[in-house]
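Can you keep this structure in mind? I'll have questions shortly.
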Amino acid sequence: MLDTVVIPLLKIAVLVNAVLVAVTFLVLMERKVIAWAQSRLGPMRVGPYGILQAIADPIKLILKEDITPVKADRHVFTLAPIMSLVPALVVFAVVPFGPDPLYYIGDINVGLLFIISVTSIGVYGIILGGWASNSKYPLLASLRASAQLISYEIAVTMTLVSVILTTGTLSLVGIVEAQQESGIWFAFIQPVALVLIFIGGLAETNRAPFDLPEAETELTGGFHTEYSGMRFALFFLAEYANMIVISAIVVLMFFGGWLRPFPNIAFLGFLDLLPAWIWFVGKVFLFLYVFIWIRATLPRYRYDQLMSLGWKVLIPVAIGNLVVTGVFKVVF
Amino acid sequence: MTDDTKPGADAPGEAGGAVSEPAAGPAPDPPAAADAAPPKAAPPKPEPAAAARPKSEPAPPAKPAAAEAARQAPTAASAKPAAPEKPAKPAAAAKPAAAAKPRPKPKPKPPPEPPKGPPDPPPPEGMESPAAVAAVQEALPDAIEALSYWVGDWTLIVRRERLLDVLELLKTHEAAAFDYCSDVTATDWPPRERRFDLIYCLYSTRLRHRVRVKVRVGEDDAVESVTGLWPAANWLEREVFDQFGVNIVNHPDRRRILMPDEWQGHPQRKDYPLEGPGELLMENPQDWLRVRNLPDEAGTDREPGPDTEIE
Amino acid sequence: MTVPAPRVSTTQFDTNELVINMGPQHPSTHGVLRVVLRLDGERVLDADCVIGYIHRGVEKLCENRDWTHIVLLTDRMDYVAAATNNLGYVEAVEKLMQIEVPRRARYLRTVLAELQRIASHCLWLGTHAMDIGAMTVLLYAFRERELVLDLFEEFCGARLTYNSMRVGGLPLDVPPGWDRKVRSFCDLMEGKLDDYETLLTNNRIWLKRTRDVGVISAEEAIGLGLCGPPLRGSGVSRDLRKDEPNAAYEEFDFDIPLGTRGDTYDRYLIRMEEFRQSIRIVRQALDGLPEGPIMGKVPRLLKPPAGETYHAIESPKGELGYFLVSDGKSTNPYRFRVRPPSFCNLQGLKRLVRGHLVADVVALIGTIDIVLGEVDR
């Protein structure tokens, strides 16, 4: 009873809260980092250096009036943000924060497959949200979103397959342990896959330069144009939670998860003084920083260019990478 | 208003030859006959024009002038040592303005008669017209009503019926090559029979010269659109149609452009009331008329405007 | 890559055209421009611009104001390049009255106009880049624009609507030490321009978004009446600073950058080069700044002789023309007409966007650099 129900429930409660708090601070971090990149200060009013902004923002969003347009499809309109957020949170069930079973909720042997399938559901939230708004800009945005997410899904999955080929397991814990055994992060073994996943991840999370579904300079607000208040906040949370998910996947698969750098060199053993989960979270935030950095730097792709990048570059390269990996696997 | 600075006093000596009054307006002006009367009855068409314009003038005549003089005084004084050449005229012009300040009896002065049209001074004797203008003179002598030169700008005044011929020649003739239509605009001279001057500012990107073509049109006269020659004229002509109500025909897209589609009247006409319509008119014309006919606080004699003005 | 012609829907699918209303409240229509787009998917079949949302009747207003007071109203048209608007107007009146302007005033006017060009182009660069998604450039460009505004503030006390010129010269001489500050700004600006170009010029995404977007040939650009950088982007060498020099431009040495392809990227490069040429002109003007009065011989009451004139200058947006008619009797202009460059350039938008995607529409609105205050007047 304790092991099967109470402890997992506690873990879930802690994890969900941790993720949501992390998201609010991620938003603050994004605002601050972009502000520094743009020679501004960013939020400075709420709390010292604007730190409490992370709390003020959600409160503001919760207190705001939640408007449903008259012509919207009410049920779907309400369902869409939930459909968007829930998968983003569910994914964390299989993300291991450390080697010990204490640090993850479940280590299922098809962990990676689980992540891929569950994140795909999140797309429905965006599509339905845009469609249910019964408004033109959201509709265009949701069309963009569906095309974009589906095509990049293919590239990302193809790339993941090549990583699976090297490890031979779908379990995320197993993948990290494989990196410990080989003594080297997969980033150095599968650099092409890393780049592909990273680009695909940007596109999957609708981040710049692939933020077409919410390109505010083109489609006003994108798919969430008609959303306000808490429902908008749910979309917002989902986007940032997805960013964390993608960063976590990249870290787990290519940067050794909770492992310290060069996990097999005893000389660097003092690095183990930091707990494993700190290494993991640190690496994840490093990647989130890169996400934000990219957003501050690059212009936005155009819809057709995005699609041709996905189909004409990423997918062929992913297949090529898969073939090369397979050949190496057989030969050596 | 400040009629004491005689119109003759500022006739330019330097630029285009002092042309007092060429035969521009169709009729010799019966001075002020029209606009001394308008306050009372609602005379049919052109009068509101006259009324609208001088209305702002007789009441505060000296104020802008005085303020102007006061404000400009220091700068003008400091500028005195400079530009010693031809000081005579500006000084002469400034003197009477200053002298007008005491204003012994500003009231009884009759309002100035509205201008009857631009002077359109002809080029001075012996001045050779540029090749482009000469080409039109040669090819289409019957199309040109007059020729004007003023402060370095040449203007061809063209008969309405031949407008397109002239413009096409100007565009295609190799000595003209006016391939760029800078501007199309209009000027309203209400008392004149053909009240609008339609003005085309042309430019040649190859020869880098300019010319203006002017055509005088009445309120109902149809003017051919020039969008076929210069697509650039599309919006410019729409603006002329919108703001002046010039009847431009064969335009591909003749709609209002700056004003809302359902707007009444043409704001740039000189007889368009300076205050009044707007939202109130669109909501309730009767309210607007009532407000307009109230005497204002200053107690000046604001005459009720003729109802016909609103349309 | 060339953009294929708009595809007419075939019979297999029952497709509908989507009419979408961009503006008047939209983040990237630069004010209250409204563009009604007819779309096939995301491809634009046709566009119709609806303007006039901030039409204030400036022309009519000016016809009921003193010749002197009008300077102040011209500020309100192209409010991001107010000094250039002032310059065009006062020069038109000077032409009408045949007033000689002292050389120092003409030099200072040139400096002001070129600083204004830098400020206006900063705003263009920032918003254009922002529309395409590069948001950092916006903040950078505004940072430098603030410096120009500081210079203007020191000169005339205002930061946006300067009222900085008078018929016959300038209202004020520049404060002592101002030229040194302008010089140091010029030095700083050159470095910042390199920063902007690092972010954009060779950026692959920027290239993809701007290359071959909104291509227009020289003949078509001339026919459509485009002016300023959009016209020069198509390779037409027309810059009124060279062709019909006003202020003191004939005394300075500068180049007119020209494009070759007539696409958005060329127009971008041209404006980037114009920044540098403006800095060059400002430096030359400050080096050769003559001593002397700043106000010409002007009558106290402006009352130009009866007559009319058209005077055009090169504003940051293109040919800014003033057509003035004086009746010789009153102290107001009888007719005051502005030839707004943004208005004429905006007319070309319909032609530029046809066959492109929705995302290009915002890029193209950005590239023609409109200010709605000037379009609607």
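Just a few scattered comments:
Note that the chains take the letters A, B and C in the order they are written out, and that residue 1 is the start of every chain.
The rule we apply is simple: a contact is a pair of C-beta atoms (placed from the backbone, for glycine too) under 8 Å apart; a residue touches a chain by one contact, two chains touch by 3 or more.
Worth saying up front: this structure is predicted, and the values here are computed from it rather than measured.
Shared contact partners of chain A and chain C do not exist in this assembly. Top-ranked chain pair, ordered by C-beta pairs in contact, is B-C.
Relative to the whole-protein C-alpha centroid, the nearest chain centroid is that of C. Ranking every chain by how far its Cα centroid lies from the centroid of chain A, the top place goes to B. Chain A and chain C have Cα centroids lying 43 Å from one another. In this assembly, the C-alpha centroid of chain B lies 27 Å from the C-alpha centroid of chain C.
Chain geometry summary: the mean Cα position of chain A and that of chain B are 66 Å apart. In chain B, no residue reaches two or more other chains under the touch definition. Shared interface positions of chain C, i.e. residues touching 2 or more other chains, are not present.
For chain C in complex with chain B, the touching residues are 51-52, 55, 57, 59-60, 64, 66, 68, 95-98, 100, 102, 166, 168-169, 171, 222-225, 236, 238, 243-244, 292-293, 295-310, 312, 319, 321, 323, 325, 327-331, 334-335, 337, 339, 343-344, 346-347, 376-377. Interface residues of chain A facing chain C in the complex, by the touch rule stated above, are 34, 37-40, 136-137, 140, 144, 208-209, 211-212, 215-220, 295-305. Listing the residues of chain C that touch chain A in their complex gives 18, 20-21, 26-28, 42, 129-136, 139-140, 143, 199-200, 203, 205-206, 208-209, 357-362. The touching residues of chain B, counted against chain C in their complex, run 1-3, 5, 7, 10-12, 14-16, 56-57, 64-65, 68-69, 71-73, 75-76, 78-83, 85-87, 90-91, 93-94, 97-98, 112, 115, 118-119, 121, 150-153, 155, 179-183, 185, 187-188, 199, 201, 205, 208, 210, 212, 230-236, 243, 256-260, 267-268, 272, 274.
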